[in-house]
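Read from first to last, the chains carry the letters A, B, C, D, E, F and G; within each, the first residue is number 1.
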Amino acid sequence: MKNSIIKDIFFTEILKGMALTFKTLFKPAVTRRYPLVPVPSKPGFRGLHALAKDNTGRMKCVGCGLCGAYCPSQCIHIYTTEGEDHNKVVERYEIDILRCIFCGFCVEACPFGAITLSEHYEYSNYTREVFYMTKDKLLENWDKYFEGEKGKRYFKEFWRPMSDDFKENPEQAMFSKIKRKEKP
Amino acid sequence: MNSYALIPFLPLAAFVINILFGRRYLKENAHWVSILAVAASWVLAVSALVDVAGGNKINFDLYTWMLSGGFKVSVGFLIDQLTVVMLIVVTTCSTLIHIYSVGYMHGDSGYYRFFSYLSLFTFSMLMLVMANNFLQLYFGWEGVGLCSYFLIGYYFNKKSASDAGKKAFIVNRFGDFGFGIGIFVVFLTFGTVYYEPVFSQAAGLAGATYNFLGYDVHLMTLIALLLFCGSIGKSAQMPLHVWLPDAMEGPTPVSALIHAATMVTAGVFLVARCSPIFSLSDTALMVVALTGAITSLFAATIGLVQNDLKRIIAYSTVSQLGYMFLACGVGAYTAGIFHLYTHAFFKALLFLCAGSVMHAMGGELDIQKMGNLKKYMPVTYMTMLIASFSISGIPGLAGFFSKDEILWMAYAGESPVGKFVWAIGTVVAFLTAFYSFRLIFLTFHGKFRGTHEQEHHLHESPKSMTIPLMILCVGAVAAGWVGIPALIGENIGVHNYIAEFMKPVLGHPEGHGTHGEEMMVMLISIAVGLSGIGLAYFMYIVRPELPERLTQQFRAVHRVLFNKYYVDELYSFIIVRPAIWTAKNVLIGITDARIIEALVNGVPNAIGALSSGLRKVQTGIMQHYATIMATGILIFVAIMLMR
Amino acid sequence: MEPLQVADKLKERFSEEVLDVREFRGQVSVTVKKGRILEICRFLHDDPDLYFDYLIDLCGADYLGKKENRFEVVYHLYSIRHRHALRLKAEVSERDIRIDSVMPVWVGVNWHERECYDMFGIVFAGHPDLRRVLLPEDWEGYPLRKDYPMKGPDKEYSGFVDVLERSKKYRQYDWYQ
Amino acid sequence: MIGSVTSFLASFIGEPMANMVLNIVIILIKVVVVIAVTLLHVAYATYWERKVIGHMQLRLGPREVGPYGLFQPFADGIKLFFKEDIIPANSDKPIFYLAPVIFFVSALTSLSVLPFFDGGWVSNINVGLLFLLGMSSIGAYGIVMSGWSSGSKYSFLGGLRSASQVISYEIAMGLSLVGVMIMAGTLNLTEIVKAQYNYPTGFYALPQILGFFVFYVAMFAETNRLPFDLPEAESELVAGYFTEYSGFRFALFFLGEYTGMLIMSSIGTLCFLGGWTLPKFVMDALPFLGSLPKFVWVAVFLVKVYFFMFLFYWVRATLPRYRYDQLMNIGWKVLIPLALVNIMITGTLKIMGWV
Amino acid sequence: MLQQLFFGYYAFIIIGLSLLVVTRKNPGHSVMWMLLLFFHIAGLYLFLNAEFIAAIQVIVYAGAILVLFLFVVLLLNLREEIALRQTVGSWPVAFFMCAILFVAVTAALGAYVQGPVGGYSIDVIQNETHAKALGKLLYTEYLFPFEIASLILLVAVVGAVVLAKRKLRS
Amino acid sequence: MEDIEKSFETKELTISLGPQHPATHGVLRLVLQLSGETIVKCTPYVGYLHRGVEKLGENRTYFAALPLTDRLDYISSMNNNVGYVNAVERLFGIEAPDRAKYIRTMVAEMGRISSHIVWLGTHVLDIGATTPFLLSMAQRERILDLFEMICGARLTVSYPRVGGVRNDISQEFLDQLYEFVLEFPAHMDTFETLVTENRIWKERTVDIGIISAEEAVNWGLTGGTLRGSGVDYDVRKYFPYDAYDKVEFDVPVGKKGDCYDRYLVRIGEMRQANRIIKQCIENLPAGPVMADAPKFTLPPKDMVLKDMEHLIHQFILITKGPSVPEGEIYVGSEVPKGELGFYFISDGTGKPYRMRVRSPSFIHASVLPRLSEGGLIADVIANIGTIDIVLGECDR
Amino acid sequence: MVPLHWYLTLSAAVFMIGMFGFLTRRNIIIMFMSLELMLNAVNISLVSFSHYLQDMRGHILVFFVITVAAAEAAIGLAIIITLFRNKQTAHVDEMNEMKG
C-alpha cells in the first residue's frame, strides 16, 4: 500500500518509462536505409525466376509440365512441340510473375532442376509487359543471377527434398555445435 | 498572525486530508492525521491556558469574512478564561477519544470517514468556543450540529441510526431557529455581532424594551430567551431533549465526545458566554434555572428504569446538563462551567467504558443481559466504578466538588427560586447515585445473564481503548481539585482556583450563608449520594428479586418512566399526527374535494368564458410578451421625457 | 467419456433420430435427422456427463449426387470439462432446406450459421439475424455448393458494376465547381 | 538614426504624426521579425520532434532532404502548399475556409505579448497573462468550427471533444497560473519574470511545484498532445477535427498546433522557470554576466523553451493516450481541485507573509 | 482627431456587426460575427482604459459563453433550420418600436449632467494597474456582492448540470 | 417519470468505423450507433477480404493447398502451415520424424512470437503509445530474418511439408536463433516497462470488455481471448501435436476477462513461446526431416531420375495427388489468434472433397458487439486490439 | 477627446439592435445572442461612464454583469438543449406549452 501511494503520487511507473525512452535516445538505430544501403537477401531467397542451363549452356527444361501442374496459382504456361528427332521441344516457357506467389513449389516439382528462384528481388517496373517472363528472359536471368558456383550450390541446398532429408546426416545442425552458450 | 489560530485549523486540515485522500491512500492509517492534528491543538490549547493564566486576553481577527455596509463579520478568535477552559475540555476529550476510536472503530469500512468527521467536529466545536462574534459562534454551532448528524447517522444503512440522525437534526432546528432570531435581534439592537461591543453596551440597555407584536418586551429578556432557545435545543433540555437518547445510535466514541463531553455543553457555554446579557434579566435567569432543575429531575427519573446501557448514561447526561443550567440560572456561572468541566471527564469516561463493554459483548446493550463482567474486564470495571463514584458525588472525587458548588450556590444564591431548585437538585443527586450504581451492579456484579457465545467471547478491550480510559479516570478523580470549596480548602490550604480564574469573565457571586449552612448542604449531598448507592446495593445485590416486585407493585409509575413520560408519543400526538391528519383530511378531504373541486368545476366555467376572450393575448410566444415589456419601457421613457 | 460411449448415450436417448455412427482415426461422427436437432444439442450441452459446453465449429457440406439428402450441417462439439469431442452431422435435403438454429444453446454459433447460410443457402430457423456474412448482401448463388463454378458466375457482380460506374462518374467531376 | 528619420518625416506631416507613423512602422517591423523567427522555430520544432522521437524509437528520423535532413521542414511545407486543396461538398464553406485561419492567427497573436528578453517584446501590456489565456481560448473556435463545418462525423466528434477538452483544461491552466500571479502580484509577464529574478529560489517552479505540475499537465491537454491527443486520436477518429482538411489549410492547423506548443512552453518558461533570467544567486556568483547585452539573454529563454519542447516530444514517445471520459475526469476532478488547493496554499502563505 | 477616428471605426464596425448578428440566417455564422463583435468591444474597453475588463471580455464572453453557444449550434439540425422562416410576422412593428425607443433614449441624453468626479483618474489606474485597482475594490468594498456572484455561478453550474444531464444507458 | 426520461433521449449518431480506418487492422467495418460517445449498437461487417479459400482448397491437391494457408493469417503463416500439415498428416495416417516435429514446434513458436509482437505493437499503437510498437518491431524483424534464412521467404513461408519440413535447418540459423532466445526476455521487459504498469494503460484496459469464463466458452472463443477469461483451454495441452507433449510450458490464464487480462495472457504466451523454443533447440534430435512414406511425400530429387518408382511417384503425386482413405477429420492447432481448425472430408481422391477452415478471428470478430456495446468509442479500439483478429483469416 | 455622448449613443444603438433581434427572430439561439448583445451594450455605457466619472464602480458592475451573463448562458443553453431534445427545433413559436 505504501508503494502504491508513492507510485500514485510520484508517477514512478511513468518515470520509469520516461527513463527508458531517454536511454533509447542514445542507442544506435536499427533502421535499414534500404535504397541507399541495399539489404542482401539470404541464400535461398525466393525471388525472381530463372531457367537453369546445364554445363553446356543448354536449357535443362524438357517441358514435362510438372511445374505448371503443381503451381498453386497456375502461372506457368508451357507450350511444347515435337522436334526434329521426335523429341519434345520447349517452344515457349512463360511465367506470369504478377500471378506468382513465390511459393517455390515449381522448384520442388521439377525432376530435372530446371526452374529456379533467384535471390533477386528488385524488379519493380511501370509496365505489365515486363512481368510476363518469357523463356529468353528466364534464361537470361540464369546468366545474371546464377553465374558460376552459385547455380550448383542452389541445387545442392535448396532443391528439395533430397535423399539427405530421409536419413540421419552427420552434418546436421545440433545444439551441441552452438558456439554461444547461455551464461550461467 | 497568531499561532492560536491553528487550534481549530489543524483539525480542519486533518479533515480535508482525510476526506480527500482517506479512501484511496490512507485507509487504515487515517487516524494518524487526525490524532496528530488534535494532539497539536491540545498542546496549543495548553499554551493558551498558560498565556491566559498570565493575564493575557487574546482577541484578534484573522480574516474579514463578510463586509456589507455596516455589517462586518470576520473570522476572529477571542481567548479568555472561559474559552480556555472550554478549549482544554474539548481538546483533551477529543484527543483521548480519537485514540480510543482507533481501537473501537478498527476494521470499520468507513474508518477514514469516521475520523474525518471527528476532525471536522473538533474544528467546528473549537470555532464555536473560540469565536469572538455571534455569527461565527452560529457557524460553529451549526457545524457541530451537522457533524453530530453525520456521526449519529454514521451507520447510515441502519434505519434507526439514520432516523435518529434526522430526529436530532430536526429537533435542533427548533432551537436554532430561536437562536438565529436572537442573533438578528442582537444585531438590530447593537448594530454589531461582536461580543465585546455587545456586552459592553448591554448594561446600558438594561431597561430597554422592545415592541414585539404589540407587547412591550423587556429587550434583554427577549434576547436572553431567544439565545436560550438555542441552548435548549443543543443541550437537550426539557421540551427538546428527545433527540439525545436516540442519538446513542451513533458509535460510542461519538456519544462520548459529542453527546456527553462537548457539543451538548455548548448550550451551557452559550449561557455562560452571554452571562452579561442573562444577568440583566431576572426572568430569563429564572427560566434557565427552572428548566435546568426540571430537566434534571425528569431525566433522572427516567434513568432509573431504563435497561439500555447507553441510554441510561444519556439520560444521566441530560440530567447533569440540567444541573449546569440550574447553576447558570442561579447566577453561578462559574459553578456551571466547573461542573461542565468535571462532567466532561467522568461522563466521557462512562461512555467509553460503556463502549468497552459493548465491544466485549459484541454490541449488546441491554444491561439485563450482562452481569459479572468485572471478572473479565477489570480495567473497565475499575474506571467505570470510579466514574460512577464521581458522578454520585462521593467526596474527594471530581463530581463531588462541582455538584456541591452548584447545590451550595443554589441554596445560598440570590435567586428567588434558589431554595426550590436546591431541593430538586438534592433529590436528583440521590437518584443519580442510585441509577449509576444500578448500572454498575447490573453490569459488573451478579451472574452473567447473556448467551454462552457472548460469555465465551468476553475479553478486555485493546490497549488503545483502555489507556484513554485510565487517563480519563485520572481526570474523573482529580479534575475537581482545582475547585475545592473554601470550606474545605481553607483547612488544607488550597484555594478555589477555578473560581478565581474565571472571575474576570463570569464574576463570582458569594453565597449568603454561614459555614454551618454550607456544611449542612455538603453533608446532605454526601448523605443522599451514599444512600443512593446503598439502596442500589440493597436492591440489586442483596435482594435481587426486589426490583421485580417493586415493578409489579408500581406498575403504572414504572410504565410511565419506562416510556420516558410518553414525550415522544406526545410529540407524535401533538405535532406529527395532526400534520398528517391535516394533510389527509383537510388538504385532501376538504380543500381538494370541496374547494378545489368546486373551483375546478364551477369557477372555471365562469372564468373560462371570460378567459377565452383574454387568451388571445396569451399567445405563448415570448416575443409578444417581450414586445409588451418594451412598450412599457417606451411609455416609461416617454413619461420621463415629458416631465 | 470415450467418444463412442457418447454416441451410445445419444443413441439411447434419441434412438429414432440417430442414423449412423462412424469412427475414423479416433474421431466419431454421429449422423442425425435434422428434426430435433435443437433438442439434441441442448441435451448434449446440458447433460452433466456429456456437458459439451464448447462448440468448436459449425459448417455445411454439399454431397451433390452422392447422397440422398444433399446437404449436411456438421457440428464439432467439445467438452472442456470432460475433454471429449463429438462430431454431429444433421442431414438437410435440398427440398426442405431448413434446420433449427442452435443459437439458444451456443451463442457463438451465430456467425457460423450465417456463413453456412451464405455459402450453402441452408436456412437456420430461429436465427435472429440471418444475413450473408462474407459475401455482399445482394450476391447471387451459394459459392460452396458443388454446382457453383470454380471461377464464379458468368455475370459480373452488380455491386462491382455499380462501383465501376460511379468511379467513372467521379473521374469526370470537377472539384472546383 | 531614428531621430533623423523622424525629423525628415516631421517636415512633411508635423511632429506628432511623424512620431506615430514611426511607432507604427517599428511595431510592424517587430511583428514581422517575431512571426518570421517563430515560424522558423516552428518548422524546426517539427524537425526536432521527428528526430528526437525517431531516435527514441530506434529509428533515425528524417535525413534524406539536405544534410541530416535539415531541409525536411521546407520540403514538407512546399509539398503541403502545392497539394490539392479538397473541400468536401457538404461543408459550410465560409466557415470551412475560416477555421484554420482563426486557429493559426489566435496562436500567432499570442506571440505579441511574449517577452523574449528584457525589452524584446512586441507590446508589454499589463494583462499579458490574461491575454495569453484569452487567445488560447480563441483557438478553440478554430477547432470547433473546423469540426462542425467539415460535414463529417469524425470531424464533428473530434471538434466536440477538442473544444470541451480545451475549455476544461483552460480552467485548470488559468487556476494553476493564479498562484504565480499571487506570488508576483502582477499580470504583466515582464514583471512576473523580474519578480522571479528577485525571489530567493529564482524559479517559481519550486515554491509553486503544485501549480507547475497542474500547468504542465494542462499544457499537454491544451495543445492536444499525447497523452491527451484525443481530438486527433488517429485510432478512433481518424484525424479528428481536421480529417477533411488537406493541403495548405492542413498546414495551417499543423503550424498552429506547433506554435501553440511553443507558446505554452514560453508561458511555462516565463511563469515558472524565470524567463530569460538566471536566478539571482547565479548572477551574483558570476558578475560578468550582468554586463552582457540584453538580447543575449534570448538564448537562455530559448534553452528553457526547448527544454519544454523536449518534454513534449519525450512524453509523446512514452505514454499511451487517455480515454475521453478519463481525460475529463482528470481535468475536473484532479487538476482543478489541485489548482484550487495550490491557490489556497499560496494565498495562505501570502497572507502570512511567508512568500 | 485620431481618437475620434478610432472611435468612429469601432462604432461603425460594432453597429455593423451587431446588425449582422441579428440578421444572419445561419446561427453558426451569427456566432462568428458575434465573436468579432466581442473583440471590437474589447478594443473599445482598452480605449477606455479598462484593460482588465477587456481581457475578461475576451476570456469569458468570447472564450466561454460564446463557445457554449457554438456547442448548442452544433446540436441543431442546421439544414432544416435555415430553410424555415427566420423572423416573426410582425417584425415591422418591432422595428418601429425599437426605432422610437432609440430616438427617445438619445433624446434623453441631452438631459445628462456630469456628476462629481471620483478618485480613480486615468493616472491612478495606470499607476496601480487596472487589475489591482479593481481587485482591491472587489475584495474589500464589494466583497459581499462578489461572493453572491460566485454563489450565483455555483447555482448556475448545478442547475445547468441538472437540466442537461440525462441518464446513461447502463 | 418515464415520460421525462423519454423526453430527454437524444438522437443517435451512426458512424461507420472502417473498412478504411487506422484502428481496424485491415478491412473490418463496424457500424456504430452512438449516443454521445457511448455505443448503443455495434454491427461488424466482414468479408471484404473474402477469397474463397475453402472453395480453392477443394480444387487443389492436398499439397498444393498449402500456400493458401500462408495467406489466412498472414502475420503468422508458419503456424497455419504447421496446423495444416498436421491435419493432412492425420488424415493420411502418417507421422513426421522427431526432428521435423521439433523444428516445426520451434518455428511455430517463432511465428507465435512474431504474431504477438505485431499484436502488441498495433494494440499499443491504437491506445496511443508509439514507442513499444517500434521497439518490438525491431525484434520481429530478427525473427523474419531467421525465417528468410530457413525457407527463403519472410512472411509467406510455406515451410513445413506433409510428412516433415521442406529442408533441414542450418547451424547458422540455430546459432542466431539461440542468441535471439537468450536476449528476448530482456526485450520483453523493455516493452513491459512502457506498458504493463503504466497507469494510463491500465485505465484504458482494466475492466474494459469483460467477458466471463462461461460466456467466453459459450461464444466459442479460443486462444488468448478465452484464456484471458480464466479458461485454460489450449490445444497444445489438450490435443498435443508435434513436439508439444515433449516440452514444458505453462498456459497463462487471466482472472476477470477484461482487456488487461487478455493483454497479460498474450505477454505471458510470448515468454512461454520463448521458453519452448529454447527447449526445442536444446533437445533437437538428429535424424531425418521427412517421413518415409513414399505414397504421401515427394520422392528425393536425386533419386527421381535414377529410380523408376520414384519418378512415377513424382508424377502421380504432383498431377493427381496422393490416394487418401475415405473419411473425415477435424484437427485443430493453436495459432497465435486461437484455435485454427482444418476439417477435411475425403472421398478417396487426391483433392479434399470438402475443406473447412475454422478460423478463430471469425468468432472473435463476432463477439465484438458483445464486448463493445455500452462502452465508449475508445473502448471499441481497445477491444479490437485485444481480441486480436486478422481479417485475412476471418474472411478466408 | 471623444465625448461621452458618443459612447452612450453607440450603446443605445447596440441595445436597440439587440432588442430588435430579440423581438423579431424566431431562432431561440439568435434570440439568446441578442440578449447578450443588449448586455454588452449596457456594459459599454457602464465602462464609459466609469471612465468619464473617474470611478471604478462601473467596472465592478460590468464584472458582475459578465458573471451573471455567464450564469445565464449556462442555464439558458441547458434549457435550450432540453427543449431541443423534445422538439427537434430551435424555433420559439413551437414552444408555446405555457399558452393559456
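Here is the rule we use: contacts are C-beta pairs under 8 Å (C-beta built on N, C-alpha and C of every residue); 3 or more make two chains touch, one makes a residue touch a chain.
Quantities reported herein were computed from a predicted structural model and do not represent experimental measurements.
At the centre of the protein atoms shown, by the Cα-centroid criterion, sits D. Chains E-G form the pair with the most C-beta pairs in contact. In this assembly, the chain whose C-alpha centre lies farthest from chain A is B. Between the CA-based centres of chain D and chain E the separation comes to 27 Å, rounded to the whole angstrom.
The centroid of the Cα atoms in chain D and the matching centroid in chain F are 47 Å apart.
Centre-to-centre spacing of chain A and chain F amounts to 23 Å, using the average Cα coordinate of each chain.
Mean C-alpha position of chain A lies 53 Å from that of chain D. Those residues of chain F in touch with two or more other chains are numbered 8-10, 131, 135, 138, 194, 198, 200. For chain B, residues touching at least two other chains, in rising order: 621, 623, 627, 630.
Chain contacts: chain A has residues 8, 14, 17, 20-21, 24, 30 touching two or more partner chains. Of all residues in chain D, only 53, 56-59, 153-154, 157, 226-227, 229-230, 233-238, 316-326 touch chain F in the complex they form. Every residue of chain F that touches chain D in the complex is listed here, in rising order: 13, 15, 21-23, 37, 124-131, 134-135, 138, 194-195, 198, 200-201, 203-204, 376-379, 381. By the touch criterion stated above, chain G contacts chain E in their complex at residues 1-2, 4-10, 12-21, 23-27, 29-30, 32-34, 36-37, 40, 43-44, 47-48, 50-57, 59-60, 62-64, 66-75, 77-82, 84, 88-91, 93. The part of chain D that touches chain A in the complex is made up of residues 52, 54-60, 314-315, 317-319. The residues of chain F lying in touch with chain A in their complex are 60, 63-68, 70, 99, 131, 135, 138, 141, 145, 148-149, 151-153, 156, 158, 161, 164, 166-171, 173-175, 178-179, 182, 190, 193-194, 197-200, 281-284, 286-290, 292, 297-305, 311, 314-315, 318-319.
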